[in-house]
Amino acid sequence: MLSQNRFRILMGIAFVAGLVALGFGLARVSPQRVWEIFLTNLLFWLGVAQAGVVVSACLYLCYARWGGSGLYRLAEAGVDFLPVGFLLFWALLAGRGALFPWISHPVAAKAPYLNVHFLFARDGAGLFLMTALSYYFVYLSRRPDAVNWAETTYEEIEDPPAAVRHLAPVLVIAFVLIYTMLAIDLVMSLSPQWSSTMFGAYFTMGAAVSGLAAMGLFAACGWRPARHDTALERGGVLHDLGKLVFASTNFWTYLLFSLYLVIWYGDIPRETFFVVPRVQAWPWAELGWSAFVLIWGFPFVLLMGRQPKRSPLILGLTCLLILLGVWLERYVLIAPSLSRYAIPFGWVEALITVGFAGLFGLIVPQGLRRVPQATFHEAQ
Amino acid sequence: MLVVAWYAKEEHFLEAITALREIRIRHPRAFMPFLSERAIETLDTPPSPTRYWILLGGIFGNFAGWALTIMLSIYWPHWVGNKPIISIPPFLIICFEMMVLCAAGAGLMGFILHNRLPRLDYYPGFDDCFALDHFGLAVECPSSRRERVREALTAGPAEFIQEHSDRSSATSLVN
Amino acid sequence: MAVARTQLRATEPTFEEINQGVLSTLEPPTRSFFLAAGGLALIVALGTAAWGYQIYTGLGVTGMGQPVMWAFYITNFVVWVGLGHSGTLISAVLYLFRSRWRPSVYRAAETMTVFALTTAGIFPILHLGRAWFFYWLAFYPNERVLQPDFHSPLVWDAFAIGTYLTVSVIFLYLGAIPDLAAVAAASAGVRRTFYRMLSLGWQGTDWQWRNFSAAYLLLAGLATPLVISVHSVVSFDFAMGQLPGWHDTIFAPYFVASAIYSGLGMVIMILIVIRRLSGLHQEITPWHFDQLGKLTLLMSLIISYAYLMEAFFAWYSMDPYEQTTFSMRYFGPMAPLFWLMVWSNSIMPLALFSRRLRRDLRFMFILGIFADIGVWCDHFVIIAGSLTTNFMPSQWGFYRPSWVEGAITAASIAFFTLMYIAFARIVPVISLTEIKQGARWLHRVRTGLRRGTA
């Protein structure tokens, strides 16, 4: 394993490479391609970071103490990426002409909603609100009273601290509403003639899946065999995380199937034009199905049994595949609206993605360092 | 010889099981008014084969669902709403339901068969209070070991101990 | 000093106290029971007579007609199926979550599921008109070479609900076997033989419990996807069509959430009544209603999200048919029902954010009533309301229910209640074994409630 310094250097190099690719791509390749991949990565990494904090809120709402305070620290690890994501969102202003077809070809009837000022104002306000709420929530969650509550044996009936308990539902509701709005504004509006009442929920669930998968991956990486004198034995935490990941991917699949089946059965061109390129037609169909197999197929087979969920190797690998799948899914949702007949993926896109990964890798480890070492020790 | 002990508390019951294991009696017949997972673990009860029934039932149900829908659709090819005769999305729903139905049915059958239900007679040592509010341990042993067995059974304070020279007289406890 | 029956006891419940408390619900019925059963049977008889009149005269005696061919009966069907879902949620899903408060409430909820599904199953047959041809839906060799159309959501419905009913019955029965054995042990004579037969001679050995645990856990795992899938399939009856107001991608989770919401409303009402009539104050505490209230609030928020999405996308889609349907829904003849539904499903449940109100049983009972009325209105507005304003204005037509539909609806409620109270006299509505298993936890709940920390 890499030392912390080397890891930081590697991530720094990745980030710089991404910046260079961004500049080169804007200047020499194609602004549309650059902003497509920028948006894909922004929504993906922001989703991973934000969903983790929301998962923490959900755990508080369920009075979950099966993972101790370490589980909450694990979920909240990505919070420092949120203000970065908020700032990166404003970069989309520079690329709005290349991204949003309703700027160059306005849809008159939808203009009250689809216009630059209103869109950026509401999405910016929403992301600001999510960032502020998340930071305050994590601050409350890291306080000693909340940590002590999480570490108490769960045989006792005891509420989490009141402030956390009251803020948690607000955070979850805000997440669902604001990410629905982001889905409509930043993804659905790329095909302005298309609409689906389910899309917001489906997109938000994809973010939640990526957040849980990231937690599973981090937990698997942090797993260590316990020494015999370890006071804190959390046998089964990996198992329970694996169950959450398994359930979330299946629920995501359920939402996808509900969305797909209604459109498939109705066979109305106004709806099918969005789905057909992503599921049936060349060249995007293969990528679409690959995303589905990565998000549902592999976890369904690999995480069904008891032992695989307790194995850090299998859980970690599966979560990594899920994360790849969600990234691919974001890409398949966004890019075909703008590049219908060709997959615009070259070294520019690859490096920009690496750049985002590097940025994430620079910021999130400081949150992960707050996870107590013993959280994922399994008894031998 | 059959020695039967009654326990009012789960802790006493568990202590007695542990004491029996120390004298190498690993599989006494245990009676519980509710599921005590600690007792099951301590007794080292083997895993239930019911899960295989459910798995096989589910696999069968899934295949049966595909077979049913595809074969009957080919048998009566009703072209409706521009849907292909063999359409995966609609048939998937039926296969899923058939999978769950057959898995549940197979699970129930497995449960009944492996428990050897319905059971008309009583296990030696069974008493009504084991279904209501007491735990019980029934140990078959030769007369020579009787004292050691009694000692182990009282390690967790037993409320009551009874001895029977043969199994059949133990079942007459139940009225 | 005698402690009032409703006052929470300070000591950990003994097995004897639990046995006494729960087995007392199986005491021989009193005169008031027979009076209630008689009254309910009378309503059922009247409903059956109305059905007979409908069979004799034809479906025209109902208010249904072009364009509203689906109205009360289908609404009742969807609502009854939906009511069953929260029972399985509480018994199966909460079992997988290792929820500690489940034992006090799950048997009553599961029983509700089975009888709600049974009641629901009457309506598709009733709706056929020529009900004796119901077997045409099955696949069997026939000389006309006809087979069910597996592309049809109605056929998916038959499979989904048939599976759900079967699995619910198996799940309910399996979980009740140890309790039935306990009742047999506490009985004598014919009653003892009856319960021994029902419990298949269960004796609670470690091997039997091991098999039970495995079967129950896996059945809970099987029943869990059914909670989501069955009402999704029911929603597909409408979503697969192209009718504005029906053709909506969010229908599946929307219907599931409203089903669980209505089911929780009914479970809350049933538990309050059982607690009162059977004196189970020690086992079903305000803390349990607090947890049920939180679940109810969650479902209400999901429903509100769906309303928001529908309203927004009715405008955003720029589809004139969709916009017309929704403006008629909000401001047309169905508006009173629509706004009652919004009040019952979205606004009133916001009070559940208050812990004090979640533990106030009078409020919870009233909420339960509004929840069920609200969801009924929701489905009626969607089903009949969308049909009243379809693509062709020349086809538009309003619907008014007839006395036949009213009588049959009332009879369905009476039928459900009658079956439930009869069943509650035979099988304990609280799980005896699981309450004993969680006696220590129940003691902590009571202690926390008495001290104000829980």
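A few points about this structure:
All chains are identified by letter, namely A, B and C, in their written order; residue positions are counted from 1 within each chain.
Heads up, the rule we're going with is that a contact is a pair of C-beta atoms (placed from the backbone, for glycine too) under 8 Å apart; a residue touches a chain by one contact, two chains touch by 3 or more.
A quick note: this is a predicted structure, and the numbers were derived from the prediction, not measured.
Chain C has the Cα centre that lies closest to the mean of all protein Cα atoms in view. Across the two interfaces under comparison, A-B and A-C, the one joined by more C-beta contacts turns out to be A-C. The centroid of the Cα atoms in chain B and the matching centroid in chain C are 30 Å apart.
Between chain A and chain B the centroid-to-centroid distance comes to 43 Å (mean Cα coordinates, whole Å).
Our note on geometry: chain A versus chain C, Cα centroid distance of 35 Å, whole angstroms. Residue positions of chain C with contacts to 2 or more other chains are 225, 229, 236.
Touching of two or more other chains is recorded for residues 261, 265 of chain A.
Residue positions of chain B with contacts to 2 or more other chains are 81, 83, 90.
On the chain C side of its complex with chain A, the touching residues are 97, 225, 228-229, 232, 236, 239-242, 247-253, 287, 294, 301, 305-306, 309-310, 313, 316-319, 353, 441, 444-445, 448, 453-454. Residues 257, 260-261, 264-265, 267 of chain A touch chain B in their complex.
By the touch criterion stated above, chain B contacts chain C in their complex at residues 8, 29-37, 39-40, 43, 45-48, 50-51, 54, 58, 68-69, 72-73, 75-76, 78, 80-81, 83, 87, 90-91, 93-94, 96-98, 100-101, 103-105, 107-108, 110-112, 114-115, 117-123, 126, 128-134, 175. Listing the residues of chain C that touch chain B in their complex gives 14-16, 19, 139, 145-152, 155-156, 159-160, 162-163, 166-167, 170-171, 174, 178, 181-182, 184-186, 188, 197, 200-215, 218-219, 222-223, 225-226, 229, 233, 236, 433-434, 436-437. The touching residues of chain A, when paired with chain C in their complex, are 61-62, 107, 109-110, 113, 155-159, 169, 173, 176-177, 180, 184, 195-201, 250-251, 254-255, 258-259, 261-263, 265-266, 268, 270.
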